[in-house]
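Presented sequentially are two complexes of chain A, the first with chain B as partner and the second with chain C.
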Partner chain A sequence: MKHSLLTAATVACAMTTGGLSLSAHAADDYKLGLVTFLSGAASGPFGIPAKNAADLVIEAINDGTLPAPIQGKGIDGRQITPVYVDEAGGATKQTSEFRNLVERDGVDAVVGYISSGDCLAIPAVAEELKKLTVLFDCGTPRVFEEADYKYVFRTHSTASMDNIAAAHYVNDNVPELESVAGINQNYSWGHDSWRDFTETLKVLRDGDIEITTEQFPKLFAGQYGAEISALQVNSADVIHTSFWGGDTDAFVLQAAARGLLADNQVIFTAGETALNSLGEHLPDGAIIGARGPFGPFAPDSELNTWFQTEFTERFGTPPTFPAYHMAHALIGLKLAQDKAGVGASTEEVITAFEGLEFEGPGGKVEMSRGKGHQAATEMVYGRLERVDGEITFTDIVRYPADCVNPPEGTETVEWIQAGMPGAECN
Partner chain B sequence: MKTKSLALLFILGLAILAGGLLLPQWMSYLFTIAMGKGLVVLGLVLLMRAGLVSFGQGLYYCVGAYVAGMLTQFAEVTDILLILLASISVSVVIAAIIGLLLCRYREIFFAMFSMAFSMILYGLLVRMQVLGSTDGFNVANPSLLGWAPGPEGASDLVLAVAVFLVVSLGILAWRYLNSLSGYAGEAVRENEIRLEYLGGSVFKVVYVKYIIAAALAAIGGTVTALVSGHVDPEMAYWTTSGEFVFIALMGGTAHVAAPIIAAVLFEALRTYAFAVAPYTWQMILGFALLAIILFMPSGLWSLVERFQNKKARKTT
Partner chain C sequence: MKQLIAILVDGSVYASWLFIISAGLTLIYGVMRILNMSHGSFYALGAYSGAAMVGWYFSTGSVPWFSFVALIGAALVAGITVGLLVERGLLRFMYGRDEVVMILVTYAVLLIMEDAIKLIWGVEPYFAYQPYTMLGRTKFAGLSFANYDFMLIGVSILIGLALWYGLNRTRNGKLLRVVIHDREIAGALGINVSRIFTITFLIGAGIGALAGALTAPGLSVVPGMGIEVIVLAFAVVVIGGLGSISGALVGALIVGMARATAVHLYPEVELFVIYAVMGLVLAFRPQGLFAVANARKI
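Moving on, here comes the complex of A and B:
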């Protein structure tokens, strides 16, 4: 037992000295914790593009080379020093890494989190440690519906928006729509997406919609033979899928080989990240979403042109929606800090951030939900069409923010089921 | 146990507690998580003493965590003692039922069956949208006998409770291992037929160990849930159970202190691996395990044993 005491003491000493050496940094830097998936299945489609965008935008902010209207070098004059952390390991692990960032590394703010589970677990810790935190990519609407947070912001819309808009789109643009089918991953994202889509569709059509089959294969299953058979047997006018990453690739390749994509309309609510890898296998007419006005749907602006060209030049592929999400989070944070002024306290930055409206590379962001902490943006869908082998989009429909986002103070599912009162769709 | 060594242990517990409270918060948080995991691994070590490796301790870890989460969130029970009592009862009932089947199997079959049960729980939780599916839900701050320390003091409260649990349960486990039924575990591993001939019941020995391990895992899960403030089905996933086996192998099964120390080391190793190599931290963990298996096949505790043997040789 004496020896275990000795060992424990050694461990404690080792940890303390390690902690001290890691927390030394220059005082006039703006230390920014950045958390995205650097390993695992979500790193390829989401984590790495987001990290690349962070590198690009932070460099531009530090050099002051972002196009107008964004001005000034650094964040309120301070140069940003990023501290990267891998988001892998689950919510318990991430809460401990968040504490490390705040207390050991002494960051000024944290931008991060792709997984919805992490986005639900982190805000409570952020409140406890009183550290400004910007969630940049996760989709669950529960974050600001279940609680109010002071120190936490999210600069993009929830995943509900994608699926509410998807229901509007197929209702308006698929002639003689009678039935839908779904294939979604068996976890929160898949279940929530499918629920929001079908509930909205029921409201829009007064219940006049048939659901032929709903498939929930395992996350990262990779093999969809049985599900594709089920979708072919229970044929529907539109197939809804919220697949992302390698699952989209696997599903599209297998479904294309069996003719499912040629015979059926498919709507990919998060399909945009797969365009670069899968473009040639996607049939004309596939409906693609980008979780907001991003990528091919981004509005024309000097900022967007700069983002697209610089990103493509530097990393070889055009930026996808996680990259835009990251850019928006960083720009939103910079604008809030600049607005609060040099030497502002965290509380003053929060007041500046609340209800902020700004233009990012992906258009207008209004922090108009969740008491000024949750953004609402417009949502866009379009049909893929090849012109001389180049991927373009037709039938592009833009849904205004107030059409596809539940109003302030409502809970998404209840709002949809109540018939979406107050939605302004014109 | 002599009163002298008991007093020594008591002082040790107080020292750990004081150290934990004095550490910066991120460290005391890590330390509390390590205490929680250490308790789970302690249960696993009891089973390993009987030659059984469970790849399904995540089941009880998750049950303990979800009981804590559901009580604080839906029943508004925040008293840490009530929560612990509830999660122990629930896990013991589940273990008593599953154990009837599981304890008839050995080796790989036991490992696979235990894993299967924890994956069933994972599958059920993923389907339950009320409980947040894979996203899980948040756990409210705990209180103790009517005293609610709020968000700032909650982690210190959990730390104190965790240290108390580790020390007291550690002593109990140590006494259990040095009792007749504790030694019967090793007899099961060495020769079951012989144990039966001696008049012992192999099934009873394994069954009791399985239930104790389940209760310890549930306590560990409750501690983790209360300190991290969030639960999700990942806690029942087989990789979580695998992590416990990893820690058990790291520490070795020779002493009850081994899993606790290994858990602290594991958390420290992982958090520094994260900081030093954000892209390749898994590799650092992998190499660490490889090194331990190659150079210390019976875990880190073999270092202590080597030291003790040397001393023993010197004195004789």
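Moving on, here comes the complex of A and C:
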């Protein structure tokens, strides 16, 4: 009896102190799971800039130094403590890591995922564990087109927007356009990008467009000699590529050395990340996209000036679109929590997040698709032009969100093939 | 005609690149019976050390042409030094173990080296494009080719000739062939098999690093690049026959030409065609085109 009492007392003490400890911990910080590539080929161009942006923005949120209209320190009255996880390893590993974040680390929310494969795998687990999750960079439209989610949000547009806008741009800005060729990576990103681009062009031109060649080299192939020759043999008025990261770098280097970029009009839908490193190899006239109004296309606002200045000073290079995507995800999460109020439940934060409109460093974000869980933003393209050796942009065209994003409740391909009804482009 | 020229040139360039990558891999297997998974890491090591050295070299404002010496020299020094550490510090304690064990050991080396490379150079991309662009380009038949790629063909021929000469026309090469044929008898005849193994591994690691250095100017050097190429290199040596230098040459040519043909004529099967060729060869010659099937010793 004495032994049982002692045991019970010990357990009670442990539970009490543990409980107190947990309560105190919860009052102290807002644990935020942050998942981005910290290793592998996507880390340099995407994962690390995103992590840098997270470090910068979280510090500013904690200190309450973000420019207006964002106010107040921390999230939910608490300081944010990030818990970083490497996204490398594939979707199966990431679902386990997500469970670890929620069940072991006890995070309050998760912001993460660059890979579309991970973005398709994580939402089901987030729903099961009832954990607020913000997808920050992946492009696949399938996340909210194929399912509805309560706990999952995405604060940037899908990749469809990039390619629908690209088709508009070349149709309007390339004189005597008759043919296009494509070089895109051989996985869903590349195939979907090329499909959305060509299908939109067919609609815009009543089918009057010739496709001279479609190249789909392996992801991270690195060697594009044969593809560049094929693009030279099957010459087209415009070459479309959605290459990203190291593949963009390799293609730019090899294509520039062979004169392909100087002799042909190329549109890089995600080419902005190569500007800082290989801008000197891109010829004047190259059409560049930044997956939204980011980097050189970001609006002239106090928030963007702060973001660009602080990021460049701290990390030695200007922020690229993955950094903007991360900043938008964190700011969206903070504003939703602020709107719901201190001490709000997850359900109340979700209600506040749904349909939220806010200004980030990359301009206006409208959570207007996917039943209020999927953002729509404007898309921008421009032509590279050197002025006194400095890279600038000319012929910049901004496409409103409702011009290049399918309306609520429609699937991208069906919408494009139906002639993009309801698109508001003026 | 234009397309045919493009296929032949592209196929040759790609085959040259593949041969330089796979020559070291097949040499190590031929002599040491080690399917060296860490070969990809030596490739990455060569790329990083070469790119870093070229970046530093151009920052000094020195004569551009000597950047080739910096590129290749840095890679060879790094490859041979780390190769010596791996062979003397780890592999020599494992000799005689089952081939599967050696695959696991070298895979562990690959993982360690990948992380070591990240610790040294970080995850930001490195560029060494100056050697690629300074050679200019050649136009013919309405096509434009980078002269650097033609240089790759020349280097691969030189490596092939050097290996052939070294193996067939030198004393050490003959000793090495004895070890390839039967390491136990070689040892019994007084040949220092351990020394032959060390030299072979250093040559293989050096060629792997050289391949990375020669590739670096045409792309951005990023983490994971070594893992990407190792699969291709295995496909080449399996087609040619594990351990056969001439097999690696023919395997590289077959893969290079098949891929170039697919890219130009059937781009949708570009990735498939490499492994289709491999499957076809293995269906009729399970040991590869040039390897001799050996009876297992008991």
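By definition in this document, the second predicted complex is superposed on the first by the 399 of 426 C-alpha atoms of A that agree within 3 Å, B and C clash if a C-alpha of one lies under 4 Å from a C-alpha of the other, contacts with A are read in each partner's own complex, and residues count from 1 in each chain.
Just so we're on the same page, a residue touches a chain if its C-beta (ideal position, glycine included) is under 8 Å from a C-beta of that chain, and two chains touch if they have at least 3 such contacts.
Quantities reported herein were computed from a predicted structural model and do not represent experimental measurements.
Contacts of A:39 after superposition on the shared chain: both chain B and chain C are touched. By the touch criterion defined above, A:164 lies against neither chain B nor chain C after alignment on the C-alpha atoms of chain A. In the superposition on chain A, contact is made by A:226 with chain C only, not with chain B.
Shared-chain residue A:142: touches chain B; no touch with chain C. By the document's definition of touching, both partners, chain B and chain C, reach A:186. Between chain B and chain C, it is B that contacts the larger number of residues in chain A. Once chain A of one complex is fitted onto chain A of the other, the partner contacts of A:92 are limited to chain B, with no touch recorded for chain C. In the superposed pair of complexes, A:253 makes contact with chain C only, with no contact to chain B.
Shared contact residues of chain A, touching chain B in one structure and chain C in the other: 38-39, 186.
Across the complex, chain A meets chain C through its residues 38-41, 43-45, 47-48, 186, 213-218, 220-223, 225-227, 229-230, 232-233, 245-246, 249-250, 253-254, 256-260, 263, 277-278, 281.
Of all the residues in chain B, the ones that touch chain A in their complex are 5, 8-9, 12, 15-16, 19, 23-27, 29-30, 33, 126-127, 129, 132-138, 151-152, 224, 228-230, 232, 234-235, 240, 255, 257, 260-261, 264-265, 267-268, 270-272, 274-275, 278-282, 304, 307-308. Within the complex formed with chain B, the residues of chain A that make contact are 1-5, 7-8, 11-12, 14-16, 18-19, 22, 38-39, 84-86, 89-93, 95-97, 99-100, 102-105, 116-117, 120-121, 124-125, 127-129, 140, 142, 146-147, 186-189, 191-192, 195.
Chain C contributes residues 2-3, 6-7, 9-11, 13-14, 17, 118, 123-125, 127, 129, 132-133, 137, 139, 142-146, 148-149, 215, 217-220, 222-225, 228-229, 259-260, 263-264, 267-268, 270-271 to its touches with chain A in the complex.
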